[in-house]
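Accompanying notes for the structure given below.
Chain IDs A, B, C, D, E and F follow the sequence of writing; residue 1 opens each chain.
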Amino acid sequence: MTFWERIYFPAILNGMRITFGHLFRRKTTVQYPEVKREFSDIYRGKHVLKRDDEGRERCTACGLCAVACPAEAITMVAAERKPGEEHLYREEKYATVYEINMLRCIFCGDCEEACPKEAIFLTKEIVKSEYERGKFIYGKAELVEPSDPARRIDISKRQTPEVLAFKKNKKFKHNK
Amino acid sequence: MENSFIIDKLYKAFDQDILKMDTSSDVLSFIIASPVVHDVISFLKNDENMNFNFLTDLCGIHYPDRGLPLGVVYHLHNLTENKRIRIKTFVTMNEPKVSTVTDLFSSANWMERETFDFYGIIFEGHPNLKRILNVEYMDFFPLRKEYPLEDPTREDKDDRYFGR
Amino acid sequence: MLASFILVLSLLVAMYSTLIERKVAGWFQDRHGPNRAGPWGLLQPLADGAKLFFKEEFMPLSADKFLYILGPSLTMFIALLTSAAIPWGPDLIINGAAYPLQVADVNIGILYVFAILSIGVYGIMIGGWASNNKYALLGAVRASSQMISYELAMSLSIITIVMMTGSLSMREIVAQQQGFNWNIIYQPLGFLIFLICAFAETNRAPFDLPECETELVGGYHTEYSSMKLGFYLFAEYINMFISGAVMATLFLGGYHFPGLDKLGLSPNVFAFVSFMVLFTKITLFGFIYMWIRWTLPRFRYDQLMKLGWKSLIPLAILNVVVTGVVILLNQ
Amino acid sequence: MFTQYIFHFLSIMALFSAVMVLASKKPIHSVLFLTLTFFSIAGHYVLLNAQFLAVVHVIVYAGAIMVLFLFTVMLLNLNHDERSPKPMWVNIMAFIAGGMLMLTLIGIFRGYDIQSAQDPMTTQIGLVKNLGKILYHDYLIPFELSSVLFLTAMVGAVLLGKKEQI
Amino acid sequence: MQKETPKYNKSEPPEGYTAPGIFATTFDKVIGLARKNSIWPLPFATSCCGIEFMATMGAHYDLGRFGAERLSFSPRQADLLMVMGTIAKKMAPVIQQVYIQMAEPRWVLAVGACASSGGIFDTYSVLQGIDRVVPVDVYVPGCPPRPEQIIDGFMKVQELVANESLRRRYSAEYKELLEGYGILK
Amino acid sequence: MTDILDDKQYTTLNLGPTHPATHGIFQNVLTLDGEQIIDAEQTIGYIHRAFEKIAEHRPFYQITPLTDRLNYCSSPINNIGWHQTVEKLLGVKTTKRIDYMRIILMELARITDHLVCNSVIGVDSGALTGFIYVFQEREKVYEIYEEVSGARLTTNMGRIGGFERDLSLKAVKKIREFLDHLPKVLHEFEKLLMRNRIFMDRTIGVGPISGERALNYGFTGPNLRAAGVDYDVRVMTPYSSYDDFEFIIPVGTQGDTYDRFCVRQQEIWESVKLVRNALENLPEGSFHLDVPQFYLPPKEAVYSKMEALIWHFKIVMGEIEVPVGEVYHSVEGGNGELGFYLVSDGGRTPFRLHFRRPGFIYYQAYPEMIRGGVLSDAILTMSSMNVIAGELDA
């Protein structure tokens, strides 16, 4: 230690100068409930079960997401599509029950990646807290996106440019 | 330091007790008979040509199908020449006893306790061999293959849908 | 009447100091600080107070019941006592009679303040001991040894003032500092020592060892809940306020400000303005307290002792000797 | 008279707390009662128009010495100790010593003429200026000698304290 | 699937919120408002969520805006027990002890998947949700939750605090709830 | 009186597990003489989560989220270390672009880890403000993580054989902004603490350990380097093309708290340089390996090609063909050598996976380091060792 360090004051005054400088600086705080901080486009928040352009559910209940889930939070029950339900479900199989236990879920995004039917995506929305544990079992009512085209959830930013380009030019095999 | 040099020296010193040697893996590894494992590690640490002075890792392993199911794996590191070596030793289920290396490496203390905690391998001469991570009153060794992973009290899961 | 006014003032100031402290801390740290309770968080102290008041009164089973309650009450009581000797302003003229803005002009005002300060530690010690908790006890022990050690240097630094002014009365000391004749100009070292000791006596960072959170959880008040805790926390702010007042009175000219008496104000307005001057000075000290707290790391127990005994006391003695010599030469 | 009542109150408090110092079970309580005694005595000083003495009494005894006592008692944690019963001869000795002190006091007060005492409020001896004058004029040498004595005692105490560690 | 609705732990809904019962005196409301703005949390941060809690205390989110930056590490002084991170079975008695030491009124916020339900750690050593040992008022999902979510949960607690009757803590239901957890005071 | 002095009354003080400075999870039972520490006994395992047992039940890619939670202050290092371990087992070699991207993210992670540690030393010594200043910078790193992987803390970043997506332009911009702004804040932080005598008094000579003892105790990382041994996995066994870059390994002399603080601080500066270098020299190329057996086929292929769909199913189900064997791979984690000992029997899950957690190994030395110090020293020593609970208890 030099003499100046030994007598405390230069360092203390220096420190006080720094903190004083911050006194009048613009505050970094984002006043959360009123102002929302910008989320990244690929933020992994609440899930959504997408519908296709015609408003049919894309999920085919293959179960890959449930297998891929490290938290074992996804449960589904598959059923065969009956004639006359083509306007509801895109594939021949669909999930009658699709539940995600949001308390178990760790939002790792593995389900989104595992899905071969671009049915499940994570969104920028956050999952709200609740008073009861039971309310965290999100069923299809909470997960499936609204069929109203105006209230669709845009997930195009989560997809790679390659996928987007592909979608523009080609028809999906399963979109027939 | 060449592999062959280590192999020569080790075989010269412990010819009978080296059960297996593996040079194909990323790290030169030996399987040593359990009674001499302390001597081997002591030799590796203290011999001036070997000088493996750093115990990188120590952990247990359990092969339920083998004759000697419980194993201890040591990873040693010669920091001056940057050479790693892996020593393994296996013991029976009934008498899982290996002599401790805490006298050589202080770091082995907790790692051996952890191995005891997980696999029930008893390190003879360890100063304080008791459970470290789990609760004291636990009556099984959880990482042995026969014990399940899951907490049996969990209620909000239905196993039928996961295909595990 | 004046006494009750001062009492209410101290309580009010202490209440709002808690808010100001949190706000200032926020501003130093690029945050806003409390702003949800009322506009700009102005109702925050009331919320805290009401909450503390309606919190469960908790008494540890193994505590010494009487002393456990005595501790915080004593702290609060002693903290409020000090303000009596401080001259808050020049005389107020009501119906031709002069009323001094001072509760009691004791001829040994400094010593009175000092005596009260020196027994201020009892509340902390008793409370810390009575909780029957090791952290609390450690906090109490730290508090007592810290107080005793820093009192010495503090009194030595006051002695120089007494030597210069030749009086123990606060009022007279203030009177002598009229204009810009402030003691700080003649006694910078004494002021510095007093300032440091004041930090230590009020248990503020960097000397907040008796309650330092990261080491002793809550220190002496670890076991206290509800209003008893409130008393302890309040007392700290009252102590800050009072020590600021003492420092302003002894070193910064009290309620005097250069040029103020030449403005030709009517006596009562002058008294009020003077009082505001003193109050501003106290606020300044309060700000410095907070500024330091949110800037510096805290000392270690033994380093604190070393600083007190090996640096401050020798310096203070030197200061006394130098002052004595200068006074002698001037005579 | 008002001061009379205060005097009585303070005296009773002083005596009561002095007795409680001996009687209370916990050492901490004893120390606190001792502090209370000092405060009552300080009050008496004020009644005698000796504010300086009162305040110094508070600062020195209550503020410093008793804090140290309290500090030590807290650290030693004598709370739970079982004080072994003292041997008989200690009790007898204590009784004799105490009795002799009492006899002496009685002897002194018997010869004291209360009427000749001055009215305390008229004396100015307790005020700082007078006290200072007396101490530094009339009794300068005894005063300085006593301070040297204290210094010696302090050095001795430090030496003893050091010795303990060796 | 209806009949196989999973059974959940005994975590009663905080009845001050669901059962209208006995509140809404003006006095209760005022005190509720005061308490709401002066919640001193006891951060029981064991793992990842603790780091996000630090972020919540930091300048970007500033929990201090809600009057909650005065962390009280002593349970006596705390109003809200924020459990953040995995609670192993070894830790369970500790957390219960801390809860018992807290002075009434007290609330519990389970932050993150691990504290609420065990999360991915469905193992022999992890407690599957702290509501097995202490009554939980609000659950915050996420692993770890974003600071936004923590603040969201905190505001839920505030809502609860503001609407709670002063007498709730003396009610028989509350005693029963505590007895259900083996906590008696 | 003498017998009281002779047989000294030692107090036992229970530090933790809920003590503020133990950050939740360690219990230290201290034997105190006054405030001086005579001895300490540790209890750990308060958040033991059985990582190694879970790992035996999960396919390889699902272990990545587990590694997040080891040293959660620097999860990308753990993620990438695990991926490299599997790559080593599979025998695939990554390209330069992947390596450089990994270096960028790992060094950012190291910065965040060290920032947390050093600012927490500040907090524990009573200076809260510096902590808040540097945490604002940490938020920026979180934003970068979010841009790269979609999460703030537990990133689940990258895949076996590369990354799940390329560095976006926004991410690169954010990294550059961060690199430009960080030095200012770091300077401020250092001015607040580093040469302040109060802080120096608090830390110099506190909790020292000699290089020899440190090695014997299995210290690695900044704590070992503070004791004067320049062992760094990044240099000793270069992985992920670290040998393309030049950087200084800061070493201390005393192994005390101040040295640990300074070493970490210096490493932040070196990491800043490394990130900048890696970003400037980032080669063109693919962000993932083209190994259809292990790396998920691109989504557009899954949607249209049968073959890709089959691969996709196989990989997600975990049915990839893994060679039988065992590997040990280590990376320089935030706290030191983070090792993965992976034994595979060819199944869909590891047969045995052992994490060499540096925190677990060096925390044993804590009693020896604090013996003779006072209570305050014990607390600063603990925070300067940067023991992360997730890593300690696994």
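Here is the rule we go by: a contact is a pair of C-beta atoms (placed from the backbone, for glycine too) under 8 Å apart; a residue touches a chain by one contact, two chains touch by 3 or more.
Given the structure is predicted, the values throughout are model-derived calculations rather than measurements.
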Quiz item: Taking a step as a move to a touching chain, how many steps at least join subunit B to subunit F?
Solution: 1
Self-check item: Mutual neighbours - chains that touch subunit C and subunit E alike
Solution: A, F
Quiz item: Of all the other chains, whose mean CA position lies farthest from subunit D?
Solution: A
Quiz item: Can you name the chain that lies farthest from subunit C, using the mean of each chain's Cα atoms as its centre?
Solution: B
Quiz item: Any idea how many Å lie between the Cα centroids of subunit C and subunit D?
Solution: 29
Quiz item: Where the CA atoms of subunit B average out and where those of subunit E average out, how many Å apart are those spots?
Solution: 43
Quiz prompt | Separation of mean Cα positions, subunit C and subunit B [Å, integer] | solution = 62
Self-check item: Junction residues of subunit D - those touching two or more other chains
Solution: 75
Practice problem: Among the residues of subunit C, pick out those that touch two or more other chains and give their numbers. | Solution: 25-26, 28-32, 213, 217, 294-296
Practice problem: Can you tell me which residues of subunit F touch two or more of the remaining chains? | Solution: 19-20, 45, 48, 50, 53-54, 65-66, 129, 132-133, 136, 154, 192, 196, 198, 393
Quiz prompt | Complex contact set, residues of subunit E against subunit B | solution = 4, 6-9, 89-90, 117-118, 122-126, 128, 132
Exercise. Within their complex, state which residues of subunit D touch subunit C.
Key: 26, 28, 32, 35, 51-52, 55-56, 58-59, 62-64, 67-68, 70-71, 74-75, 127-128
Quiz item: Which bits of subunit B are touching subunit E when the two form their complex?
Solution: 133-135, 142, 147-151, 153-158
Exercise. Please give the residue numbers of subunit A that touch subunit C in the complex, ascending.
Key: 12, 15-16, 18-20, 22-23, 25, 27-29, 31
Self-check item: Contact set on subunit E toward subunit A in their complex
Solution: 1, 6, 8-9, 11, 13-14, 17, 59-62, 65, 113, 116-120, 122, 129, 131, 136-143, 145-149, 151-153, 155-156, 160
